[in-house]
Amino acid sequence: MESFEIETGGRTEFVDITDRVRSAAVRSGKKRGCVFVYVPHTTAGITINEHADPDVADDIRRTLDRLVPWDGPYRHCEGNAAAHVKASLLGHCAVVPLEGGALALGTWQGIFFAEFDGPRRRRVLVQVIGE
Amino acid sequence: MESFEIETGGRTEFVDITDRVRSAAVRSGKKRGCVFVYVPHTTAGITINEHADPDVADDIRRTLDRLVPWDGPYRHCEGNAAAHVKASLLGHCAVVPLEGGALALGTWQGIFFAEFDGPRRRRVLVQVIGE
Amino acid sequence: MESFEIETGGRTEFVDITDRVRSAAVRSGKKRGCVFVYVPHTTAGITINEHADPDVADDIRRTLDRLVPWDGPYRHCEGNAAAHVKASLLGHCAVVPLEGGALALGTWQGIFFAEFDGPRRRRVLVQVIGE
């Protein structure tokens, strides 16, 4: 399993990690299977969406801010409950099929690390299973 | 890896693809592992839920419409930002364990392709990992 | 594939199943791969989030109640449409990488079974793929 680090710059921020995941998948030497991109944090998530227009990630980020506002009637004592909720809505693992040694991402798809309580130093795990 | 195509008929529509996924899993010849059903699009998603009563998928579809309305203060220039957001909320890959050569779906579970910006011709990938 | 049962006590409840998943992963004897924790129900889901402070799971549970209220303009005849919608928002499968025979969970991460239409007796499947 490989891992890499990210430095996020704002409280909420979507970071395109497609190239780093692709490199890790190629280094695995596997040709057919699935790539699992895992976030070992509880106030960050991961998603796959369009990365041609950066406004798309921004619309996702801002819609989550609207649905789960930072200030609310939360009980968690650390003040970042909204970040935890958004992490669970988006999820902690992206799965991408691997075929012919390449990620089977669609034409417009990129993989985004979703920071919900930054800025922080974060880690991403890439596990490749297959042959 | 197998793939199949879907023609969606409305802007938002949930299409039951359980039988097509099951057939692809059987054709893989594998007996134990997991089946990964992947959507290579950025304005469509996938989910597992009850398929006995079609009203369930309809309630999910309409709740997402309420939470993420088509018209909103989005920045994405193509006018379909809501579809992108809903795709990320639902996710792009459904995972189903495979045991004894059969999908380990629960009694009421079916697999739905979720169109959020149709009508379109779409593609679904089915990757089976295991023995 | 292993499975275990849970008895939930309220209509909505998050149950920490981390230890049971870890035990199943260890019993598999595999050292490297991924663990798939699957919920074969349509009114329950699964998520990974902080399990040090139980208020975090409670904040997620209550935010979902706010976004998808029990009573609403749903069509599903059984009266539990909100539970179905919440199951799809959270998802039915948690993926955790396995490395050195151990779950690669982050320091604060735990695995939660999310009951949305209890109390009920529920089942969780644990499939481990790898070597």
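Labels for the chains are A, B and C, by order of writing; each one numbers its residues from 1.
Note that a residue touches a chain if its C-beta (ideal position, glycine included) is under 8 Å from a C-beta of that chain, and two chains touch if they have at least 3 such contacts.
Since the model is a prediction, treat every value here as computed from it, not as a measurement.
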item	value
Touch-based graph of the chains, sorted into line, ring, star, complete or other	complete
Same or different residue numbers at the subunit B/subunit C copy interface, by half rule	different
Whole-Å separation of chain centres (CA-atom averages), subunit B against subunit C	20
For subunit A, residues contacting two or more additional chains	67, 89, 91, 95, 129
Subunit A-facing residues of subunit B, complex	1, 36, 38-42, 67-68, 72-78, 81, 84-85, 87-89, 91-93, 95, 125, 127, 129
Complex contacts: residues of subunit C adjacent to subunit A	32-34, 47-50, 53, 55-56, 58-60, 62-63, 67, 89-91, 94-97, 99, 104-109, 129-130
